[in-house]
Amino acid sequence: MDLEVKRDRLVFRAMGGKWEWGIEPRYWRNPLIYISLLILAPVVVYFVYPALLATVIDANLLAAIAIPLSLMTLGTGRMNFGPQFYIGIGGYTAALLSIHFGLSPGMTLIAAALAGLVFGFAMSPLSIISGGLYYTLLTLLFPLVFLEITFIYTDLFKGDTGLAGISSLVSVGFFSLNQLVYAFISLAMMLIYLFIIDKILRSRYAVQMAAINDDEEVANGIGVNVNKTKIISFVIPAMMISIIGWFYAHYYGTFAGVTFLPLAFMLKILMVIMIGGRIQIYGCIVGGYFIAFLELLLIRTTGAMSPVLFPIILLILLLTLREGLFGLYRKRHYREYLPTLHVRR
Amino acid sequence: MAEILKVTNVTKSFGGLTAVAGVSLSINEGETVGLMGPNGAGKTTLVNMICGSYSVDSGKIEFMGKDITNLPPWKRCKLGVSRTYQIPRPFPELTTLSSVVVSALCGKDRQNRSLDDAFTEATHYLEFVGLFSKRNILARDLTLFEMRGLELARALATGPKLIFIDEVMAGLNPVEAEKAVRLIERSKDQFGVTILWIEHVMAVLMRAAERVIVLHYGEKIAEGSPEEVAKNQAVIESYLGERKNA
Amino acid sequence: MLVAIETTAIYTLLLGSLYLLVSLGFSLICGVLRIFHLGYAYIFIAAIYFTWMFMDLFGWGLVPSIAAMLVIQAGIAIAIYKGLIVRYMKQEEIIITGLLLVAIILEQAAMRFYPIQTGVYLETTVMAGISKIGQVTVSNQLIFAAILGIVVTGLFALFFLKTKLGLAVRAISYDLYASRVMGIRVEQLYMFIMVLVLIPVILAMLAIAPVWAVDPGVGWGYMMTAILVSVLGGLGNIKGTIIASYIIGLCHSTVAFVIAEPRFMGLSALIVVLIMLIFRPQGIAKSETVW
């Protein structure tokens, strides 16, 4: 193992392979500006209007779900319509272990990640054997069936009301300060996911994924291990999304399948990706904040009509913004280093 | 010369149709072998089976002494088997350079090669086929001749020992055809690959191949030097039909 | 035990025939039009709640309300087709998301204006009362729904096999480009199919309404069944859908009556479909054709 620091790149060698990370300070200006804004936002909100911190956390988490989902879509070549299934897995694992065995959040994190890994592996053959439409339909069904199971085994999952009494991740005194800490943790998670997936999308693995998406048989013929790539790009995002489920459980202190498993939540995640410009991971952040604040705005202004108006507005946005909100920005300021691979069927 | 490919009695049927019936052949290192036969003779099916796209109903395929009959296609590629496609199949959304980078990355196992190194290697292959100036154009926007060149570059970038070239001449005008033949001869010199060349155009095989195998209705009907095969009665009948008794 | 088996057998037939009505449209849209109609659930909700709306708001009778509802449903289907499907044919994610949004909009609207407490009830009983088949008591309306299912499926099969229009639809499902070249008016046929598939679902909902409870969330359950039947039977294939409907009907009945755990019905059907897919990923149907 060997790490070499050159003028413009880091070279890492291990086990006969070689990986290079380019260091290009001229491209750091924009990301640094936006990350600073993202870090400042919770602080400003804390002093101005602390109740909004919940929305900020929501936004960060939505983005943090959409980013691995983008990787899963690129790697397997199809859109998974049931990502919330893994939220359920991570959340219920964390909740059950915390309540029944009193495990600390650190331990439940490991457990939730493992659960995501195991279930991801179990489901991953679907990405290999099922063709486009069947894959879509089956991934759509899994969370709904999970929801049914939570209703069947009510003593374990507590059906509608969900599990309560999960230990909190953070308690530093009063509520607003807690929220601020949660906001930073959620922001950190999102940025870590963004970093990891950005690096993957600039690496050799992304080129292989692009080849698989374009023509799987040819890719197989030139030496790409198609099945391995699909399985890994299914399992790793599944694990990442389960960890978000863990966060939800410890953040709210309660966890109920009905909040996360039905189609309404999935649609929110989907809209984050669509508004964000479809598989552009930086767009997911824009999408996350947009959807979270839009929902808040609707609830505050229209009250009971908001569950009806929210999807209507989303539909209008979907039909009018072909490239998503982030796409509008990209058309003005095109930068070729932003990864955009296409999903094929 | 060592024998690098040995195919023993392979058979492939699709439902009721037997595409390849008990074909056996062997190829020695450094040879250029032609594979001929009328349309529907089973040439592409045979190549598909050797490369791994189709499974074998019965029979055995050995490459470099190793039994590859049940290996997945990508493993065979890593061992040194590569091919081009009769109808070019470029990666539609990737640029020319990126297409070759995928092969360079994933073909033969090479030590200490990063993505940037793969890009550099890929440019060498593109330069060899003459597509360096088109490296940033989307692969689907190339002309037919350029796409064939890209197919060859992509196959060569995997570092193969054996390449299957599938009907490269189809659709090319005489100038392009001549360029294509010379390109393949040069790749043999420069990269030391063994070639199995599926072709209809007899003139090409006369010039480039040392040995020719002829298939008809899935069976091997002749094998020998190009001159011998051209005079073979069974071969002539398979292409032109039987002589009608006047 | 014998009673349980008898009940299972009879309900397999009843449920299977009912599921035919529910799934036929979904299978056809996904298989023939190649559109992932994941908003299918809205048809169920719209069938009940638009009818109720006309009866409640304008005081119309049952039959005029149903007629009005049919008109609105056809209008919505055409609007969806023109506004969403045609424009985004190449970008399936947008179609799926849009269709799901439509379904959610309608479900939320129904929940907002006619929540469960309002007691929506449609007096659409055709065969009242109950019958006793052997040892088993069955609601007559359910038998009527089952007969309706078989008849409608038969009509669909006849339509696709014997009529010119049906032949044109089959052609589109094989090869779209060649069909266009042959002069088949693809756009109009698509619209026709989108409206045609409404009929079995509406009939099913109207027939079942007096027997089983209706609430705004009912669409998703039926859509899940439709998805399972279609995936099992092979998308777009009528024969496969018929066989799959009865298999799922058998599965549900067995779980409900023999194993006596009705809660597991949905889950058991999913497991059956998953196992089937492992051995035969394209479903029961031998080919991707309409028949």
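Going by the order they are written in, the chains are A, B and C; count residues from 1 in each one.
Note that in this section a residue touches a chain if its C-beta (ideal position, glycine included) is under 8 Å from a C-beta of that chain, and two chains touch if they have at least 3 such contacts.
Predicted, not measured: the structure shown is a model, and the values here were computed from it.
Relative to chain B, the most remote chain by averaged C-alpha coordinates is C.
Central chain by Cα centroid: A, whose mean Cα position is closest to the mean of all protein Cα atoms.
In terms of their C-alpha centroids, the spacing between chain A and chain C amounts to 33 Å. Averaging Cα coordinates per chain places chain A and chain B 44 Å apart. Between the Cα centres of chain B and chain C there is a gap of 50 Å. Those residues of chain B lying in contact with chain A across their complex are 51-53, 72-74, 77-78, 82-83, 85, 89, 91-94, 98-99, 101-103, 105-108, 111-118, 154-155, 157-158.
Within the complex formed with chain A, the chain C residues making contact are 30, 34, 36, 38, 83-84, 87, 92-94, 96-98, 100-102, 104-105, 108-109, 111-112, 220, 224, 227-228, 230-231, 235, 263-264, 266-267, 270, 274, 277-278, 281-282. Residues of chain A that touch chain B in their complex: 11, 13, 16-20, 203-204, 207-208, 210-211, 213-215, 217-226, 341-342, 344. The part of chain A that touches chain C in the complex is made up of residues 79, 81, 129-131, 133-134, 136-138, 140-141, 144-145, 148-149, 151-152, 263-264, 267, 270-271, 274, 278, 304-305, 307-308, 311-312, 314-315, 318-319, 343, 345.
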